[in-house]
């Protein structure tokens, strides 16, 4: 029995763990505060959530240059962690702002909503910040459980419940595969720690060892489910469609980023870049994901479903970066994820604002003529659509340029060509939204917009970032590269 | 200070967005025109400074900032002023300014006045970015930007279903072209390692062997992009439909500037095209074919703007023809003169339409000359210019293209070009006669409201008319060492202009012969038009009946009449119509729609998989896992 | 000493039985039970490896999996109960409002 | 010699009862067979010298989780599943086929030579509860703490989703019937 030393934390570690501590504490505080009745319609929970997320981000930001491996690598604090923690906090904050009014008007204004949102964010951070498969698994489950409940939060609502059931059953099913994959990897390498796995592999590369390869593949399957890659994507449209729209916004950005974060960390740290066997597999998945996502989106009339398929397609573009592999590929993926998160949050954010009171308007045709009646909504939606379609001068364009550039550098010309064709196809359905906004007259009752200050703030922030990163992408790119370089 | 040129219209856009509501109509108009006018002045100053530099150093770049830098790859927002982009910048800002001024009058009564100038300024920004970019990526930004603005402006009167439909068509066709552009760009980057013009062109001769598959593919793909933007076969159909937009838009975007972007791109990348003879041949043939084809369709159109639209397609064909035979200077020269006279034609047509309370059908015009004296005079100048009558601007540039084609040995291309000249002269004078001469065929209401346009519209017409007369004088033929315009562009096309060398290989006498021939051909077209449309068109039929029993010497005349009845009237009209009806509306539209249907079909099939049942989803998940394992087993 | 291949084989068989259960059953509760079966198969593999390598990490992992499974079961059953309340059914092939 | 025999017996029981779980029409029977599977797995854990896990398996899985399952089945008062009809037969066929395909792929894959992890250090088998406890509170402290949040989420989640039919306070959600009508669906 080798004695294991008790973990020793230095002061810096507390800063590094700040996000985790703050989010846990914030979630519990929110629950405890339920004992103190608030005024009806109080924004206490939302404000506290924002505060918690701000503190989390600040703590990690303070320690952004530190490189620490805490609890024997169960929690690592490196550039990668900092990047994703800040991203998740931002996603969480924007989601809180979008939820602020939405949860009230749809009748799900409970403190638990924010508790779950904070916990899911915590799960994402844990997924991105760990060098051990155990912690990654626990983080993933923490995120997933939170999301299952959030998706089904409108519990008297048939669609919401149906979405939760589908997401839950398939999510648990996928977890089974993921877990079996981890078991096989553990069997092949004797450890669940990514760094030790890397050390073991450098001594005895397990090329062709069925246990190792199969384990890796099953692991990939599990993460592919979370990022909604074809053919593990089928839950996505239904879950996104049925969930409360603010939750859809949150999960479409956060869960995908978290899935990719874990995949990247496992790939880069443990497997020393993506293993060679994965190349063709990832390529095939990337091609399928882009194509199926974009083509299926073409005929969608429901905005949420359309954006769901679009989010599948975007996972495909990010997979192209992963196929390219190496640090360049990883930094392209990080860059794209950040860009994607905000433009997608913005697009879903607008959907949260459509309709008054309990009424929700989610059809593309509901946008008819809205561009003139509500110029801000029209302008913002147009920018998000242009960006999602990868048209300059928006962030989405820069994301695609960088991903394709990296892929070309890795000699993946066919993959890039398919990617380009796909992004051209995608413009057609993004454009339909713009056409509806500016070139159609509403049939029947025109859509009202529920204006609320927090949602407008969220909209402006996402809009500004989408434009800013389209014009000045360099800083974010440097940040993404630095994050990948500092991988512990 | 180069960045100021595109930045000025952009600033106007932002100001319009922010405070446009408080400025009122007049303020918005002043803002829009002022920004573009100022941009013109800045561009002029920059070009004068450029001209002061020694010839070899006439390249100024202005890097605003770095967009992204990854290792050896860098994308800069960086502007380039060399003789080529100088010409483009001056044309775009100059003609753009005039059209802005004209629009203040033309759109005066439109409810969406502010939105119109917003789009128009945004277009100027994008177009200037396109022509002044110093790398492909930034050019692509402008390329997409002008496409977006074009789309917005075609659908400007979106309540008309035809306008929305036309916008959609333009968009789809342009996206097909864009695929080519993007893929071409990717290939250039993958092999050439850079998207910066200077760097790429410097390494190109070392990286790409002459005639190699890579460079041929890349240039053909780029050319596909150009055919989309510049409305060449087979991607031209969107342009005639684009006439749904307001007329100043047709003048600015769909005649003078945006549609020439493809020509500019080919000229800009001439270094690459010259490495790919097959691509150059393709460019020449597509250009020549489009020139004739579109002209023939133009013969039978009755909508004044559609005639001009097909004429634009045809003239763009000439520019590509020039590039294809290696005479890039001639192509850019024609681009410039065309910008003057075609903008003038559209603005004149707009003035007519404006005067007739939105009547666009040539059959309901006629006899307008005395009623609209200014419009008539300027239109006549433009018509003479496009027909290629000396000393109007179009003559010089078109003649240079034709003699370059002849000199390059592409006789077939040259003959096609000549055929285009006669048709151009014919249909343009048909338009002129039907609109301005003969008996008025106006509706009562149009007659009642008939008025000459306000000065804000007439002044730009007059300026453009002056340019259409004088613009060609910068490039008279047969100058020792090339004419002034060629000398100006020489630093850009230096070493590449093999046609220029060939040009002088043609003896002086042949040169004169060619000039005479093209003028005679143009005059023949004009004469035919007067004959058919002004002197009673029924004459042909009656003459034939009367002559049937006459002297054998008259048979020859009969034969001529019959010929012209069969060819010029029935045959040409018939062919043009069937071309338009069948090819245009069935084949090309069908193909465009077909692509859409195929994808929608796929989409419908894929949606079937999304059954909504958890069982199905789990099954596909498992199938995915099984497929992955099968893949493993194969290794 | 049990050969590792025995345990692995058993674990694989149990895992596949679980997968089949998910694919063939229409009762959400039974599907869920099948998923539990898959998790247990993975647990068995962990324990077997742990035994084989004389390392406790695998067993600790199983401990975590059990905790996670317990949490998952609670949430999953809540969702299923809620579904039954809303629609009076637990059959997954009777719920497809969301599709296409 | 006794260990392999025990393993074989437990394995046989586990496989048979697992098959019964997915073959039985009555969910209660399925659940009970699942308990049997879990218990035989616990036996196998004991054979593999994982005493702690074996005990936890019985207490947590067989004891807590399955009781929850049974409770829900009883609460919902479910009868036998009706599993007839072409569609269900088809699905069953495809499902079994997929399962066997997966198994066959696994078998084929593992016929290659393979090594399970680093060679075991010599010594007595490890696996006592004390050692696991030490590990949990040292090396695995962080995931252990995160798990506590996981349990918190589960508790909150269950309360949110399954609390009484009566919706709380002014923020009442719509009744089920009205909810479907109120929301226009594009893909109808």
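Each chain carries a letter (A, B, C and D) given by its place in the written order, and its residues are counted from 1.
Here is the rule we go by: a residue touches a chain if its C-beta (ideal position, glycine included) is under 8 Å from a C-beta of that chain, and two chains touch if they have at least 3 such contacts.
Bear in mind that the values here come from a model prediction, so they are computed numbers and not experimental data.
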{"item": "Interchain contact steps from subunit A to subunit C (minimum; 1 if touching)", "value": "1"}
{"item": "Chain of greatest Cα-centre distance to subunit A", "value": "B"}
{"item": "Whole-Å separation of chain centres (CA-atom averages), subunit C against subunit D", "value": "3"}
{"item": "Euclidean distance of C-alpha centroids - subunit B vs subunit D, Å", "value": "68"}
{"item": "Chain centre separation in whole Å, for subunit C relative to subunit B (CA means)", "value": "65"}
{"item": "Subunit A and subunit D: spacing of chain centres that average the CA atoms, whole Å", "value": "27"}
{"item": "In subunit C, residues with contacts to at least two other chains", "value": "4, 8, 18-19, 22-23, 26, 28, 31-32, 48-49, 52-53, 55, 57, 60, 64, 68, 71-72, 75, 79-80, 82, 86-87, 92-93, 95-100"}
{"item": "Residues of subunit A whose C-beta touches two or more other chains", "value": "134, 138, 141, 145, 148-149, 152, 155-156, 158-159, 164-166, 169, 173, 177, 186-187, 190, 208, 210, 213-214, 237-238, 300, 305"}
{"item": "Junction residues of subunit D, two or more chains touched", "value": "91, 94-95, 98, 102, 106, 109-110, 116-118, 126, 131, 135, 140, 143, 147, 150, 153-154, 157, 161, 176, 180, 185, 187"}
{"item": "Arrangement of touching chains [line / ring / star / complete / other]", "value": "complete"}
{"item": "Subunit B-facing residues of subunit C, complex", "value": "19, 22-23, 26, 28, 31, 92-93, 95-100"}
{"item": "Of all residues in subunit B, those that touch subunit C in their complex", "value": "607, 610-615, 618-619, 622"}
{"item": "Partner subunit D, residues of subunit A touching it in the complex", "value": "1, 3-7, 20, 24, 27-28, 31, 40, 70-72, 74-75, 104, 106-110, 112, 115-116, 119-120, 122, 126, 130, 132, 134-135, 138-139, 141-142, 145-146, 148-149, 152-159, 164, 186-190, 200, 206, 208-211, 213-214, 300-302, 305, 358-365"}
{"item": "Subunit B partner contacts - residues on subunit A that touch it in the complex", "value": "165-166, 169-170, 173-174, 177, 208, 210, 213-214, 217-218, 220-221, 224-225, 230-232, 234-235, 237-238, 277, 280-281, 292, 295-299, 328, 386, 391-393, 397-398, 401-402, 404-406, 408-409, 413, 416-417, 420-421, 424-425, 427-428, 431, 435, 438-441, 471-474, 477, 481"}
{"item": "Interface residues, subunit A side, partner subunit C - complex", "value": "134, 137-138, 141, 145, 148-149, 152, 155-156, 158-159, 161-166, 168-169, 172-173, 175-177, 179-180, 182-184, 186-187, 190-192, 237-238, 241-242, 300, 305"}
